[in-house]
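First chain A sits with chain B, and in the next complex the same chain sits with chain C.
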Partner chain A sequence: MDKTLVLRPERCTGCHSCEMVCSLTHDGECNLNLSRIGVMKTNGGGTNENIPVVCQQCNDAICADVCIMGAISRDEATGALLVNEDLCVGCKTCVVACPLGGVLYHYVKKCAMKCDLCGGDPECVKSCLYGALDYLPLDSWGWRQRRKGSENLGQLFEVVYGK
Partner chain B sequence: MAKSKVAVIGNGIAGFSSASTIKRLDDGSDVTVFSEESVPLYSACVLPNYISGSISRERVFVRDLEDYKRLGLRTIFGCTVKEIDRVAKKVFTSDGQIFSFDKLVFATGSEAVLFGERKKGIFKLKSLKDADDLLAHKGRRAVVVGSGAIGLEVAIALHLKGYKVAVIEMLESLLPMALDKHGAEKVREIIEGQGIEVYLGESATVVVGGESVQGLVTSRRSLECDTLIWAVGMRPRVTLARELGLKLGEKGGIRVDSHMETSFPGIYACGDCVETDDMFTGAPSLNLFWHNANRQGAIAARNCIGLRRAYPGSQNILNVDLFGNHVVGFGHTETAMRRSCHKNGDDPTDLSVIEKEEVDRYFRIVLFKDRCVGAQFINVEKDLGLVLNIMSLRKELKSIQRVFDKRTSISQKGWLGRINPLFLSGK
Partner chain C sequence: MKVGGYAGQVLYIDLTKEEIKKEPLDLDMARKYLGGFGLNCRFAWDLLDPEVDPYSPDNMIFMGMGPMLGTAAPASNKNSVMTKWPSTGTISPGTAGGDFGINVKLSGYDEVIIKGRARRPVYIKINGDDVEILDAGDLWGKDTYKTTDMLWEKEGRQYAVVAMGPTGERLVNTSVCLIDKITTWGKGGLPAVMGSKNLKALVACGNKGIAVADPVRLVKRIRIILERFAIHPGYQKLVDLGTMDGFSGWADVHGMSINNWTGRFPTEEAYRIYSPEYYLENIKAGRIADPTCPIGCKDHLRIRKGEFSGTEAWVSSFYGRVVHMAARCQVGSYENNVKTQHFYQLTGLCIHSFTALIDWAVELYEKGILTKEDTGGVDLKHDFETTMYLSEQASKKEGLGGILSQGFKNAIQDIGRGCEECAVQVKGMEPLYDPRMNRMSGPEFSQVVNPRGAHAPQGAVTLYMSKDASPEKFKEWLEDRGVSEDAVKRIFPRPGYFNIARMTPYGEDWVGFMNSVGMGCLRGRVDNFFRGEDWPEIYSAVTGFETSLEEMRRAARRNWHVLKALNVRLGFSKKDDVFPERWFQPLETDDRGTLLLSDYFGNPLSKKDCEELLKDYYRERGWDARTGIPTEKTLAEYGLEDVAADLKKRGFIE
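Then we have the complex of A and B:
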């Protein structure tokens, strides 16, 4: 894994263009139900925030562990966890197990779907006009961005939930 | 350094996961996989789908023999391991071959519990061969004894194949390990609504028939059938381990420490044959599930080659699809918790339940001492992962509720928002 998706909630405007581009790229139609990435809107504690949520490609991935067909495996080139749609039987165990909602159920293909980082060139990043999404190398700079992102998220949570 | 020789006994997911992890992390090691079956790794969880015909036989396989070659695993398939000498560090197979090893991984799996004599038309469902046998058998009237996940899935598969199916359950509700009474009642409605007969609170007493099965007498009635399926449960296969003198646990599985090592140093065990601590309660338990075996295999492998890694505990995750209805059960039922309270002398008033029902949706969360120990969902498909994580962390609900109490509403696809009423509606 040499690059990673960076999410910057503080820049997200909630325009959903990433979702539309995601479903368009993968399934050929703009359908928010077929989008691997999702933007959540919070309104509480005096803030109105949009938080993009997408699979984090965990190191210790529970979706891959619970898959009864061994259909979720890591792509060595991009570091993304990929669903092998030929193997997947659509049992939804991975959907059930992921705490983030990173794996979704593709109701047309009847199998699991998740972010595949578009094979190393994520379309959602290109579609984001506000710089809320970025695809950065996982070197020190990438980590720095990640840490910064997490600090922002931490501040956001403080505002939303209080200390 | 000499090549370390590892023998892996068993080629289920635990065996394959440990063998492939060892090979991946330590390329120089010499790994041999022993298996009674002569087929590569397949998923026993999808055998009901294979029986019903929704997937082909090829799709049952998770790996093919080429994969073993590519990974560099030596395979001794189609012969049983007869004896293990742990002092001389040798494995003896039934066809007279002898292999030496430095480290040994037990992944012998589990076997179906059977009662009575074997007749034509009596089946179990554990291996691919069982499924093939069942498919080769042409019957019209089937009785399934046991209503666990396997029992119900087989019943549905046979129903879809045109059999007339009856399910017998000894206990008072369906899916007794995963659901409490109310959820089980909903499941019964689903099953019966599709034309499968369900008889609860009855135990099988006599199998009728000469050479082939003709019927089953239960404690209340007599049923005619030409196909009888035992789906009353699985138990760890520990014959070899017992002969070797490995310490067994109170539930009958091989007792391992948190590093998947057995009572003998250098001998590891993983998969359905071991007894581990439950992640939700911490009590020793048998959690014979695919994902536990998968993780245990990877952890046993790491410890086997000297990378210390602890096993966090087993999770009981049941996930079945009943005629398009998604039934999920995590952890323990209220009934089971009451039983364990009684056994351990805990106060049963510490148990509480959050329950909600809307048309065909239903959920129930079981809390014990303010910790989430069980959850049951029917047709609820979102936010389950969050509940599972809360259960796995074994955190007090208060600490989590503090977050949810801050009146946050999330408008779209809100995984927090949707879980919110769940915690606010309870205590």
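Then we have the complex of A and C:
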């Protein structure tokens, strides 16, 4: 079963661990601008104020579609969309095209840069002890989302019908 | 060899000349003093005129960002600042977490050194190679939250903001800066020093990388450390409660003195008003973590009930704030407590310092030393109204609150009339822990000998063990953290007993070490998840300089010698390491009987015993037991011959 990187913004404390480890394992240095995942903070930057942003590995991937060089293709083993750095000419069209902010420009290598799921064992997930990031099989993730939805509904019922 | 960790540059900013200089970091010097706090000490020793007036343009602000900052190493987030503090007159450190330090590092600087005075209000913007001094006319007069919001609006939320409030503009000494609205920085008057320089704020956004010498080795160690957090049964509770995890320790075990060190906040009262359950349900709105910290102890607060409903604040060390407002000021309900904190955050008033001054002023009023003439006709009590009244005055530097706002040293002179008899302070700074309740452990003792003043957190990680920890636990910690066998023997002269004065230097060095390399320590809570072996491993992996725990301990000890020497040069010595008189009075409590000053094992301590403890401490540090000043021999042992020569030339050592 394919797995997906699950984001839970409500648990993100804005600690930057995922970003530091991502750039460290991919580029050998710690650099918020070379991290494939990024935490966008608002206000004081606490839980419920941060949104982690990372490629969602779309089935119908816009980044791959717009790439004139065909440099973005899917890794069948993990389902990740990978950038072939030899083919990429650095036109940045994919960066602009992605509506989720999932593709960035690697300003050192001069090519597109995006989450590769670390070959199926994402380092960011292992670094997030708060549970804001998870890596789950697509089917069980569905159940979890339902569970979360049911909790929301439960709260809604409480509001509507009283305790 | 690939060098990592150190960004490699020192940034000099002269506000008078509007000049910005970048110089390469001397790597040999960096290795000797580690970075952060240690480098600050050395730069201050070399560059800062000891006689300087804290408000003078010649006073300098040293911001040191250790080699771990801006890396993936867990809890690598401590920014260290050093200046000559206006409240105490010492040259000593202040530390904070927050995003500022990592962004300075990621901009390419290990150290930022600021001097001079701008002609008009300005802020400093650091964005990689681009460093600018920009106009802050529109920010002047704004509170910290508004200042931060305006800067985020202008520069973008990716910038970390160090902002001061109106207290800094009015040179209020009992003030702190806020980093990103949350983290307090610079107890003792960093905002006042900035205010005297017309410097309203600093913003930083890094756009470079911090090289790591051996990424594989670092990631391997990170995994080992994080695993210890993840599998610990109490871990989730730590995250949920943040610093309020310390609540039961305060409410049940040791407690906090009330009525200016003459009583103890009753346990039952603490649970009735400030229970963790009430906090989770009605106060806490979110959790905030410093960079790479697995604990995330900072709080986003929102009051849900009562007249202050909707009040929102972001704070660090929430536990300490609650306790100060509860015990020293007795503000009552949880909502009142958070409301006062909100006011302190906005104005940049320091909770640690100013609540102690309120507590003192109320006693002076009750004793008739202060009268209605001084208070502006107001009855001073331990309550919410008095607290807000004096705090508002302090934030405007008016009336009695304004006098108090300049700290114990100045206020004692301004008020006179024998008021110092009631002042519980060391070197002009208020102690936090009462050794009659807590017994004499590391932080209690460090409050007396710390060159900064009565500052506890640096005291000793050892304290943050449970109060029932056996001496064996302390021994384990010391051995694990690289303390030599000989030293352990001196600390434990007989089974089942330790000499706290001989142990304290190793706790102080440890925190000084963490502040030097740039690691957060959240007292014991983070440190408990680390082992001694982690530190040389992380340092070596990050920097590429192979090191050992012994070598790191030696560097940490060296840094403390320099810190001490900095203050010896100002005239500080044994005469200033004074146990507050009130600690020798019996403490009458409602629910714990009468408590006397005692050692960790409950044996009462007399003044003579305390005198002996001081001597033990100096001896353990290799300082002169008569004067409390580092000896020439000790300084030379640590490669500080030039420091010794200077002290000799000035007549401080024979």
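Definition applied: the second predicted complex is superposed on the first by the 133 of 163 C-alpha atoms of A that agree within 3 Å, B and C clash if a C-alpha of one lies under 4 Å from a C-alpha of the other, contacts with A are read in each partner's own complex, and residues count from 1 in each chain.
Assume a residue touches a chain if its C-beta (ideal position, glycine included) is under 8 Å from a C-beta of that chain, and two chains touch if they have at least 3 such contacts.
What you are looking at is a predicted structure, and each value in this text was computed from that prediction instead of being measured.
Trainee: Using the superposition on chain A described above, determine whether A:Lys41 touches chain B (first), chain C (second), both, or neither.
Mentor: both
Trainee: With both complexes superposed on chain A, which partner does A:Gly28 reach: first (chain B), second (chain C), both or neither?
Mentor: second
Trainee: Could you look at A:Gln155 and tell me whether it touches chain B, chain C, both or neither (first, second, both, neither)?
Mentor: neither
Trainee: One more residue to check, A:Lys126. First (chain B), second (chain C), both or neither?
Mentor: In the superposed model, A:Lys126 contacts chain C only, not chain B.
Trainee: Answer with first, second, both or neither: which of chain B and chain C does A:Leu100 touch in the superposed model?
Mentor: Touch status of A:Leu100: first partner only.
Trainee: When the two structures are overlaid on chain A, which partner does A:Ser17 contact: first (chain B), second (chain C), both, or neither?
Mentor: second
Trainee: For chain A, give the residues common to its interface with chain B and its interface with chain C.
Mentor: Common interface on chain A, chain B vs chain C: 40-45.
Trainee: Where on chain B is chain A touching in the complex?
Mentor: 13, 41, 43, 45-46, 49, 55, 59, 62-63, 290-291, 294-295, 317, 319, 321, 326, 328, 381-386, 388-389, 403, 406-416
Trainee: Flag every residue of chain A that touches chain C in the complex, lowest number first.
Mentor: Going through chain A, the ones touching chain C are 13-17, 20-21, 23-25, 27-34, 40-49, 123, 126-127, 129-130.
Trainee: Could you please specify the touching residues of chain C with respect to chain A in the complex?
Mentor: 4, 70-72, 74, 99, 102, 106, 157, 180-182, 206-212, 215, 218-219, 222-223, 226, 229-230, 235, 239, 285-294, 296, 298-300, 314
Trainee: Can you list the residues on chain A that touch chain B in the complex?
Mentor: Listed in rising order, the residues are 38-45, 53, 62, 65-70, 86-87, 89, 91-93, 95-101, 105, 160-162.
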